[in-house]
Every structure is written in C-alpha cells, then in structure tokens.
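Here come two complexes built around chain A, the first alongside chain B, the second alongside chain C.
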Partner chain A sequence: MFNQDITPYQNLSILLLVSFVLQSMLMPVLLTGVDGPEGWISVLIAALILFFAIKAVNKAMKTYDEDTIISVSDKVFPKFISKLIGIYYIFMFLTVNSLIMKDFAEQVKLMMMFRTPLSTVIVAILLTAAYAAKKGIHTIANITNIVLLTSLIPYLLIIIFSTYYADYSNIFPVYPPDMEGILKSVPNAALSFFGFSLLLFSNSRVSAKGKNPKINKRYLLISAVLYMVSYLLIIVKFGTKEAANLVWPFVSIMKFVNIPGFFFESTEIVGLCLQITVIFTSICILAFFTNLAMQETFKTKENGYFIFIQIPILYLMAAGLPGMYMMFPYIQIPIYILSGMNLFIPLLAAYAAGRKYKRST
Partner chain B sequence: MKDLDLNQPINTDIHKNEQIFRKVFENADDIIYRKLEAGKTKNLKMLLLYVDGMTTKEAISEYAIENLLMGLNLDKAQNMSNAQLEQEIAKTSIAVSEIQIITTIGECVDKILSGETVLLLDTCNKGIMLSSRGWPMRGVQEPSAETLIRGARDGFNETMKVNISLIRRRLRDPKLKVKYTQVGKRSKTDIAIIYIEDLVNKTVLKTVEKRINNIEIDAVLESSYIEEMIEDDGYSPFPQLENTERPDAAASALLEGRVVIAVDNTPSVLIAPAIFVSFMQSSEDYYERWLPACAIRLLRYIALPIVMLLPALYVAVTQYHPNLLPTQLSLYVAASRANVPFPPYFEALLMELVIELVREASYRITTPVGSTIGLVGGLVIGQSSVEAGLITPLAVIVVALTAIASFTIPSYNFGATLRLIRFAFIVLAATFGLFGISIGLSFLTIHLCTLKSCGIPYMTPFISFVENKRDLKDTLIRPRIRKLVRKPDYLHMEKEEKKNV
Partner chain C sequence: MKKLTLSLLIISTILLCGCWDSVEINKREYLFAVGIDKKEDKLNFISEIPKINEGSEEDRLVYSNEGESFADFYHLNYLHSDKVISDRLMQVIVLGEDLARDSEAMKRIFDEIQRSPQMNRRVKICIAKGKAEDIINTEIPSSPIVGRFLSDMLVKLKRESQQDVFTFDEAILNLGKTGNAMIPLVEVNEKSLKIERAAIIKEYELVGFLETDELEAVMLLLDPSNANIRNINVETDGTTISLDAVDVTMTDKIRLKGDKLSVDYYVTLYCYVDSFIIGNNSLEDRYFLNRVKEESIKKLSETSTDTIDKLQTQYKADLLRIKDKLYKYNKNEYEKVRDKYDEIFAQADIKVYYKMQIKSTGLVK
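Here is the complex of A and B:
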C-alpha cells in the first residue's frame, strides 16, 4: 500500500479506458470504412493480430520488465534510433491527445456551451489534466479506477438502454462481406486498441510484473468485446446507411434512451457529463505517458514538470487541428502510418531484445 | 524562571528546595506548601507540594501521610538509595496507588502540575511522588453529537484515563497496548496511543508515533490540534483522521487494526487512518438489523451527491440547460423565474448563505432555543423570500433538501467539508454549467485520489477494487455481521480472522 507502483488491475483499467475513448472517437471511420454491418470482423482481425504481437512482445521483454519501450530501445538499438523511437512516441501521444481534446471540446461546445469559445473549454480541460498528470502514475491509476466505477459503467448502461427501439435485423446480412472494406479498416481498428501502445510503458510500472502477460491478454479480450458490442449497438440502432453519417455515434445513440422513470428530456447531455469524466481521465493518462516518454527520451528524472512543456503544445495542436468530422476524408493515410508504426516498433524492439538475449546466453 | 535550571537535582536542604519551588511557582497561589515535622525527636522536616483542586486531599492527608509518618523510619531515609527508599516506602503499606522516587526539580514540577503530590524530606536529595490526581470531572454521558437509537449510552469525557478505561472495558485483551507520551512545551498534555498489538498496521503505527513525537507546539487544548499536526495534507478540506466521543466506535476501530489517539482534556479521540468510506459509516449501522442498516447506508450515499451538487445542478439546469428538463417542468421553472430579479446562481448562493447563518446561529444558542431558531428561521425566511419575489419556490425546495441531506452525513467534519465544496460547485455551475460541474468533479476526484491518511490512500478500496474486493462489501451496504469476520485488506493485518464488533 505504501509503494508508488500500480496494481495489475489498475493497469488493466488504464488500458481499457484509453482504448474505449479512442474506439468511440474512431468509430465513425470504421462505420464509413465497411459497406455493411461486418465492421466487427475488422475489429476481430485487429484483435487477433495484436494478440500475437502482445504475446511476442511480452515474451521478448521478460528480461526487461523494468523498462519501457524507449529504455529497451536504448539498450538494444544504436542511440539515434532509440532517440527517434522516443520522439515518435512523444509526437504520437501528443497528436492523439490533442485530437481527443479537440473532438471532445467540440462536443461540449455543440451540446452544452454554445456561446463559450472552444479555446476556453480546451484550456479548462488542459489545466485540470495537468494537475492530475503532475501527481504521477499512482494518482492516475486511482482516478481511472474511480472513473471506471462511477462514470464508464453508468455510461455504458445508458448506451445499452438505448437499444430499446432497435432493429436487430440491421446486423444482417453478414454474407457476402465487404472484404476490401474490412481489410482496409483493420489498421483503423488496430489503432483504436491504443492500450497496446500504452502497455509498452505502463507494464514497467506494475507492482506484480509476472501478471502482465495475463492482464495484457485480458485487456485485449475485454476491449475487443466492448468495441464489437458498441459497433453492433450502433448498427442495430441506426442501420448501416444512417450510421455511416454519424459524427459522434455514442452521443447520437443516447438521444434514444428509454429508461423507465428517467425524466430528463436530453439524455445525451447526461451521457455527455459522464463522457466528460471518462475522456478527461484518458487525457490525463495520455498526458502522463507523454511525460514518461519525454523523461525516458531526454534521460531526466524530473517527470511531473514536463507537463508544463506539454500544455502550450497540446493547446496549439488542439486549437490548430481541424475537427474530426473535417478530417475524415484525409485521415486514412495517417491512420495507416500510425497503426503500422505502433505495431512495427514494439515488434522490432522485441526481436532485437530476443536476439540480444540469445547471444548473451 | 529563565535563570532556574529545572534539571538540577533536588537539594538536601529542604529550605533551599522550598525557595526554588517558590521561585518556580511564583505568583501561583494555588500551589500548596505543607510543612511537617516527623521522627522521634521531630527533627526531620518534610515538605508536601501539590496543586489545590487537582488532588484528592483525603488520599494524601488521611491515608498517605499518616501511614508514612507511622511506618517509615525517616531517620534512615536520608542515607538510602532510590531503590532502597522506594522499597522502604512500599513496606509501609501506604494507601496510595502509585509511588515513585524522583530526583530532579524538573520532574517534581511536572508531577505537581499533573495533579500528583510531591513529598520532600530534609537532608534527602530525593522526592517521593504520591499519586493523588483527582479533580472535578464530567460524568460519563452520552455524546450529544453522536446520539444513537440503539447502542451504548456512555461517552468519553475530558479525563484521558477514564476514556482509556472505557475502551478497556470493551476489549479485555492483553494485546491492547497503551503508549503514553506528552506534547506541548507549556501544556505538557498527556497523549495515549492505543492499538491492538497483533492487529495494527505497523507502518501506520510508526507513522503516527513519529508524527506525534515531532510535534512542536506550546499547548494542545483539544485533539484537533494533534489532528492538524499529524495529517498528511494540511491544505485539504477533507478530514484525514476520524474523531469520535463514543468508546464503542473507538473499540471497533481498534479491532479493525487502526490506531486510536486519546488526548487529555478532550472527549474527542482520534482514529487513524481514516478513509472516505469510514466517514459514511455510523456505529449504529452495526447495531441495527442488517437490512434496514443497509438501506440507511445506501440512503447516505444518495444524500452525498445531493449535499454537494443539488444547488449547483439547479443553477446549471436553469441557467444553461433548461432543455434537459421535461417540457412542463421547464415551462414551470421559466414562469416562476419570470418575476425574480436575481439570476439562479445568486438565488442559490443567497439561500445557501441564509441556511448556513441559521445553522451557525442554532449551534451557538442553547439547544431548545436553537432548534426553534432553525425552524422559525428556515420557515419564515423561505416563505417571506418567495412571497417577496426574491427567490423561486423551486430554489427553496432545492436548498431545504440539501440542508436536510447534509444532516444524514454521520461525521460533522466531513459534512462541513461537503457543505464548503457545495459553494465551489455553485460558482463552477454558474460559469460553465454542467461542464463546469464535471470539471469540478474531476478536480475533486484527482484530489481525493492523491489524498492519504497516515500513508493509506483515502479512496481505498475503490481505487483498487479488484485487489481489495473483499473490502467493498462494507462500503455502500452493511453486510451481515457473520460476513465481517475478515479484517479490512487495506490495512494488511497480521491476523486474518476477527469478529468485527
């Protein structure tokens, strides 16, 4: 109780929460990418690929269980490659975090704060997230578990209640599948399992490291089920054609909630309030891991203070980036690149680590 | 006083000793100097020193001195060592519960000020402390702030030893340990650290001991002084140690493996560590049948967001999100607000301020009048404000409901914190609506997740609910007593099984 490491299940909560947020953000890309209700097959394929990747990474990293992907790279690659990897992760975390922030701020503005400038919403989120990120991984893990209990579960329940007037025939026909669309959507689905990139950092902070392989597999399973169920819920609610036009499917789905005795007229605002806490926590998590990546890349011990460097960068990126709905036509290529790099780097590091271990024995 | 060295040994010349003590206790007229002459030839002089009003005079004059004069060979005493003198006194069947030989002036001063009597013998460089503490004290009454329908009616009072005995009566366990220490340069207040040796979390115990020993303060007038000095985060609005005036609650905390800190001159004992969940529990939860107790505890958890958020939600919904309400209600709210000159946040702040004023006034006035003030104040001010068109009836309902809900929180300190936070939420709701409330809740969650009590995370067991899943059963609900055989996991007990009282 007195150490500052996180428990295996806290690690699981972190991975699940961030993945859920990325999945809900990238869901429209999946809905538009596959012509038909078979998008869940892309999720399944992505999950299978990541399952084997996680297995390989965990096996090779056994001897480096105290290290993050950056410090492992530092040991198995030449210095400049490890620096490049570090910079890639910093850039990737910053980009993803600013995208989430922008998307989220736009939702808040559109649904709740019509007259408030977007930048005010972003600054409010950023400052709160900075406060959390500076407190360290222990606090972040604690927040995640609390949010999982108090926000994510009620949020998911609200979504489930929305299926009251759903048309379940929408999930058919599965055959013949749109194979091209399914395969093209696999990188997008793989990127949505963002926990895969996070576990390369968070596993090193777990108190019982022996449980990491089991927890990582469990994460993949739960996250895949959650992703597929969410996808199918949207499909049964809206149908394939209508779903393809949704910008924020989870917010849209909450407009049709039917809970007996629930008297609020705009349920999406209630859902959005819960979503704020969930998304906000994932922003904190990403901000913390960006800090960690910066610390490892620049070899400093001061971790918390990197958040002050992140605040202006994140603000400028979030303010400068166009909204997700504006990016849909151009997002496919960046998704392929990020998804490919996120899979390639850990596998390469794992391969190099495995070879080094073999040579030494 | 500055020139006097209190560490100097007791002089063999009794006159010199008297002069020293008169100088130490200059202008202290309540110090009694009683001179006696004893021995066969009446040539052995003695001096008795005690504080008037802090000693039981009968114990000293009728039993101790009489027996001492008759039984002790005073002529020999001057040549005896400490141990011999103590042995000799013990032989005299002196009717005093505790005797101790002291050698320095400082020790004598401490003992006298603690209510003991010090006996000095001429030509002897030792003093004899005769236990004689006794002062008028309040009886063992039911604590007015923690009344129960079912449960023991005794409560702690201002005498620490009485309080310890009340705990001992409940736990006749030789493993129940009581460690004394003193805090306060001037007050020298007695403090007892109480724990059960094989149940306590050793790290928590060490932390508590270390923090208490590091306290540097002139005086400790109430246990809240100690609370503030040893808590983990002094800037947090949340209490990090529990306090109770109930011996059964203290005994229960000891059985859980927690540490109880009793402070002399105050009926409130402190319990460490204290977690969020413990502030939502009441002793009565365990005395009632489990099903009604469960319902009552659940009700408290429902009251918690009402206390914190209801006025803020009122402000956010009426000011920013009227579309959230059903159309009829939304129209009613709009109609009732039409003639009100103030914005919703001002209404809420005004009414909350009035409620707090009435509450504070009723605390300061004697109980029967206090409750009348509360009732009249609430009714008259609320009704008049609505009739005058200053506030809406809905605002009165919201504020009244919040006030009632705040009384369901068992811990006064915790309830006061929630009331304070409520104002911050009203301001956030007035600025950013529901988004502001969400941001505020996020801030609160971060703060609570960072907070610790003597090293134990404040939000245990929720922060690691899978690992501490067994602890979850006594949180939102109160399980059956037979299900509470295990001690809380978060305290890492050495012994696994216990019967939770």
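Here is the complex of A and C:
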C-alpha cells in the first residue's frame, strides 16, 4: 500500500533529522559524562567507529540491496535468531520513539502549555504522527526534506544567534583530557547517531541503491559535524559546569536569542515551534520504520495497520516512562546495551552475509 | 478506517485546542522590575507594573508582598489582583543588601530563577545599597518606570565595559565558574538612581563593594580591549594635564609552581591629551611628556596595587578570574591546588606593569 521509493537525498534527510533529534535528547548525558569540554572527542571516536561499520555493512550487503536488516537476517541466520533480531529492532524503535515523545511533550507542557495535561499533548502528537506515517515513506521523505530546509536550518541558526555574550575560551582545557570520561561516553555518542540503525532499513527503500554507500558516509560526516558544533555551542555559552546542570540544553540556549530588531515576548518559543516540526517529523519516521520492522518480523502482507497498533503501545510507554531527566542516573547501562547491540547486529549480519556470498561463489 | 482517523482528528482539534487556557494581553499585568528584601524569616517582594493596558507608558503600580519564594509571590499576586501577573517582560531584579548578605537566601533565589521555565535568564540583575524597596519606590521624573531605567542603564554600562555583569545569566555563570562575581550596585541618587560601584559576591554572599576606581582597575584587567578608563588627571610641573586612554592592549603571564602563584599583567595605554592649559608649550617638550607618563603610571599603579591587595587580603575573591585561566590553560597544575586555591590566591604575587604612549595632543599643539 505504500509508495516504497525514496531518493538518496531524501534518505540523507531522514537519517540526519532523526540523528539530530536523538543527539539533542542525549546531549545532557554527553555533557555530564566527560569532566571538561572534550565531549566532542567522544563524538569523533563514535563517528569513526560507525564509519568503518557502515563501510563493512555496505560492502557485505551489496548482494542484498533490496533487503532490510531483518530480511537479510532471515536469509543468513536461523529463523529463531532472525525473529529475535526483528523483535529487538521493534522494541528499540518503540522505546526510542516513546522517549522522544515523552521528552518533547514535557518540553511543550513546561514551556508553552502549562495547564494542558501531558497525556493530551502525547495523544495529539501520536494521532497526528500516526496519520502522517500511514501515508508512507514517500510522503514522510517529502516532509523531511521540507522540514530540513524550513525548520532544522533556522532552528540551528537560532541556536547560533543565542550564543551572544558567549565565552569562547570555554572550549579549553583540551589537555589533559578526561580519557576515562571520553571513552565511557563513546557509546552515548554512538547511540545518538541513530541514523546508523535506520539506514539498515531505509537503504532498501532508496531508488538509486548504488548511491547508498556514498550517501551513508555523507550522512555520518554531516551528522558528526552537527553534533560536535552543537556540543561546542552549548559549551561556549554555558561552560562545562553549568552545561552539565541543564536538563534541556537546547531549550535553555534558546532563551538567549538575540537577533537585532526582533521582539518576542518569549524567545525560546520561536525555537520550540521549529523544534516541534523537527521532532514531529522524526516521530513519523520512527513510527514508519517500526511498522516496517513489524511487517518483516511477522511477515504480514497488509502492513499499514501496524501504525495503529503502535498508538496504544507508544502512548502507554510514553506515559509510563519517566522523563529523560529522571532517567539520567540509570540510563548508562541501557545505553551501553543498545549501543552495543546496534553495532553488533549489523556487523554480525554483514559478516554472515559476506560468508554466504563467498561460499556461493 | 479513513473515516475513523478523520473523525479522531476532527475531535482532537476541538478538544486539544492549545489556546484554551490563554489569557488576553489586556487581562495581564507585566512585571518590569522586582525588588527582593529580607524581612525576618521571609522575603519581601516589591513589584513594579507599568500601566501599559491603560495606554500610559509612564504610570506604574508598585505592589509589595511577603512570601518565601517567587512562587509565593506569584500566588499572592494572583489572589490580590483582577489580572494575571506575567514575568515574561521582566527587565530587572533588584536584590536588597541584607538579602545579598545571606548566602542561603541568595542560593534559593538564584535557583528559583534558574529553574523557572518562564523567567528569562537574560533578566538584568543588580544589588541595592540598602533596601531594594527604596530603589523600586524611587520616583524618577525623567523616567518614571524604574525597571526600564535600570535596564537601559545596565545595558549601557555593560556595552561601555563599566560593569562586568548585567544579566542574571552572567552572574550565575561567573559564580559557577569561579565562585565570585561583581554585580552592579544601585544606589538612590537624590531623585534618581546611580550605578557607580559593584558588589562583590563570593559563594552567593555579598562580602563587600568595589569603589568606582577599583572597579575600573579590575575591568581594565578583565577586558582591556573594551576598557573604559576615566580621564587620568595628573599634576606635572605645577600644571594639571588630563589624558584619555583611547586604546589599551594587555598581555598576562600566569605561573603556578607548586603552591606559588605569580601573575604579571603588562598593560599598554595609548592616550590622547584631553586638556592642558592655553599658553603653555610644554607638550612639545619630550622630557615633560615623559614626566607626565611617569606620573600617570604611578597613579594607575597605585590604584591597581591597592585594588588587588583588597581582593587578595580583605575579600579573598579572585575577581580577575585567574582561577578560570589556570583551569583552562594549565589544568595539570591547577588540579593539584584546586581545593586550596583561595589560600594560594591570597598569597599570590600579582603585579601590573603599565606602559604609556601619548599618541596625540589633540587638535592643537
């Protein structure tokens, strides 16, 4: 029922947008993880690891370019393992989507609609996102392309304008670095490149598949630069100590918007409005890929209904899960597990696919 | 299914209307300034609200409420007025001297402002000499809205580098980084207000004040490129000459060896002659100019030495942010003395070396 094809650049937009949302959500974990302003080194290490992983995965998956990670697993692993992999991705997408939704709903409630119940905000986002996701990846990809231009770029500009009266020497000291903190934060940074997990699904939907390796590398480069620049902007504005104290550094930084000639009663609301479109689109994208993962795991013909099945699950998870700020003390181990699995599964599948290909030739 | 989705969406647009709890602008009261004083165990909040809704930009209402926190203050205001109070346009917060001397109360106030999603961190902040209530109640004929007056003044002073801090954000960032901050000190000046001095805040407690010349000396070392030094008036050979420093450059050398901290500042001032006396041609004399320079440097050095001595011995407050520079550029050594930095700062050998060049005598010789 879905229009399956997207262009390579639409794929790039999807990967960038979802990664940016995860990066801004997990930024406090990175800011608290490293004692000093060297968190960007963790991002760099994570990007390098993922670069080699993407290279290996793209190379091994050449023969399976019509398949997602789940359908490849179906072909190279026993059924039991491929089902487990499918369930893992469904669970992960649902968890991440519900966390984004909860975090975002809390921001909206706290900054814009103080008296509106949280569940009302979640239901509103969920129903609208489900409706958009039901339209298929082609529609979502079009929305993403527009959002990237009309929201993400102005949103980033607002953050840059917000660093008025910033202390640029806050990027020091770089030496001696907190190596333990940097290495411990690599999994956090790696998980924030969520596009890496998405491309295992979205690459199979691209019309010109030959461009996937190049686009994937480009995604990693742009996303890493975005992540490092955002990190450094927060550091120069707040300094390491204050930055580590913030629950939503991106929202806090938007309180300083200073564009000469502009008057807003509450400057952060402008940024939040743009953020709404960015986050809303990424929720649609994640809902779509959860649907795809469900469809491939359970091997159903009619696929669109999984979007609706997600609604109560996502609602219950978003309502039940505590906000990100409550989870910070307990989040480290789940991040290690998710980050490790996200890297391990595609590499294992790539290895198995490569071996199978060698044996057949 | 389509019908079901559509009907759900239509119902949601009716039920989830984002403006259901909105308050119209004419039903709001916008706070422009809030003064906070300590009153026994409680806090006294004095709020200034311009009568914007009545079309007058110059009339204002001043309310006073007691409470334990900002939340209390808002709640009481809600009960005492037919309108809804809003702090979205708040320009300035004035903290009373007694309150500023109580570090616990200061920490609570700072935390509440920082935590609040509504209050903007860019709100300006100053300390009142005496009671904040007196500052808010001051009737300034030329500018009746105290919040606007103080806000404009603080922006101007910051722009001209006369004060280090002008917003709550800067104050809390400085306190977080070094434990110290200089917050503008506002005083009643007949039928107006003045901000000439700065309050020294150490670990969220007011410990003293910097006089105008001391503040200038500190600002010169903190931000030399924007430093705004008052005219240097010196008497040489029985005649007073006034110099204006139009450009300042500075380099510093910070060395930490074990527990021994030494800091050398090398300041070069490029000056213009502002005023001399008609009929005296001494400005053409190189030796005379050298004597003028010597006298000026002596005068500046005395102020700097006295100020630094005051910071080291009396207040033990590193307002020069040497600690921050050590952390950023000499982290290895700094980590070794982190816990006893205040003692090391008090014993530090801090020197300021001035050099002066007279670039121009003005439009006449």
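Criterion: the second predicted complex is superposed on the first by the 356 of 361 C-alpha atoms of A that agree within 3 Å, B and C clash if a C-alpha of one lies under 4 Å from a C-alpha of the other, contacts with A are read in each partner's own complex, and residues count from 1 in each chain.
One rule holds for everything that comes next: a residue touches a chain if its C-beta (ideal position, glycine included) is under 8 Å from a C-beta of that chain, and two chains touch if they have at least 3 such contacts.
Quick caveat, the model's predicted, so the values are computed rather than measured.
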Inset, instruction - Look at A:Asn142 in the shared chain and tell me whether it touches chain B only, chain C only, both, or neither; answer first, second, both or neither. - result: first
Inset, instruction - Return first, second, both or neither, reflecting whether A:Ala132 touches chain B, chain C, both chains, or no partner chain. - result: first
Inset, instruction - Identify the partner contact of A:Ser169: answer first if only chain B is touched, second if only chain C is, both if each is, neither if none is. - result: second
Inset, instruction - Considering only touches as defined above, state whether A:Tyr155 meets chain B (first), chain C (second), both or neither. - result: neither
Legend entry - First, second, both or neither for A:Ala124, with chain B first and chain C second: both
Legend entry - Touched partner set for A:Met113, first chain B, second chain C, both or neither: both
Inset, instruction - Based on the superposed arrangement, let me know which partner A:Phe280 touches: chain B (first), chain C (second), both, or neither? - result: first
Inset, instruction - Examine A:Gly239 and indicate which partner it touches, taking first as chain B and second as chain C; both and neither are also allowed. - result: second
Legend entry - Overlapping contact positions on chain A, where the chain C interface meets the chain B interface: 112-113, 116, 124, 128, 131, 265-266
Inset, instruction - State the interface residues of chain B toward chain A in the complex, per the touch definition above. - result: 203, 320-321, 323-327, 329-330, 432-435, 437-439, 441-443, 445-446, 448-450, 455-457, 459-460, 462-467, 490, 492
Inset, instruction - Could you pull out which chain A residues touch chain C in their complex? - result: 36, 110-116, 120, 123-124, 127-128, 131, 134, 165, 167, 169-170, 172-173, 175-176, 238-239, 241-242, 245, 252, 255-256, 258, 265-267
Inset, instruction - Provide the residue numbers of chain C that touch chain A in the complex, in ascending order. - result: 5, 8-9, 12, 15-16, 18, 20-21, 88-89, 117-118, 120-122, 167, 169-170, 172-173, 176-177, 327-329, 331-332
Legend entry - Contact footprint of chain B on chain A as seen in their complex: 1-2, 7, 9-10, 12, 108, 112-113, 116, 121, 124-125, 128, 131-132, 135, 139, 141-143, 145-147, 149, 263-266, 269-270, 272-273, 276-277, 280-281, 284
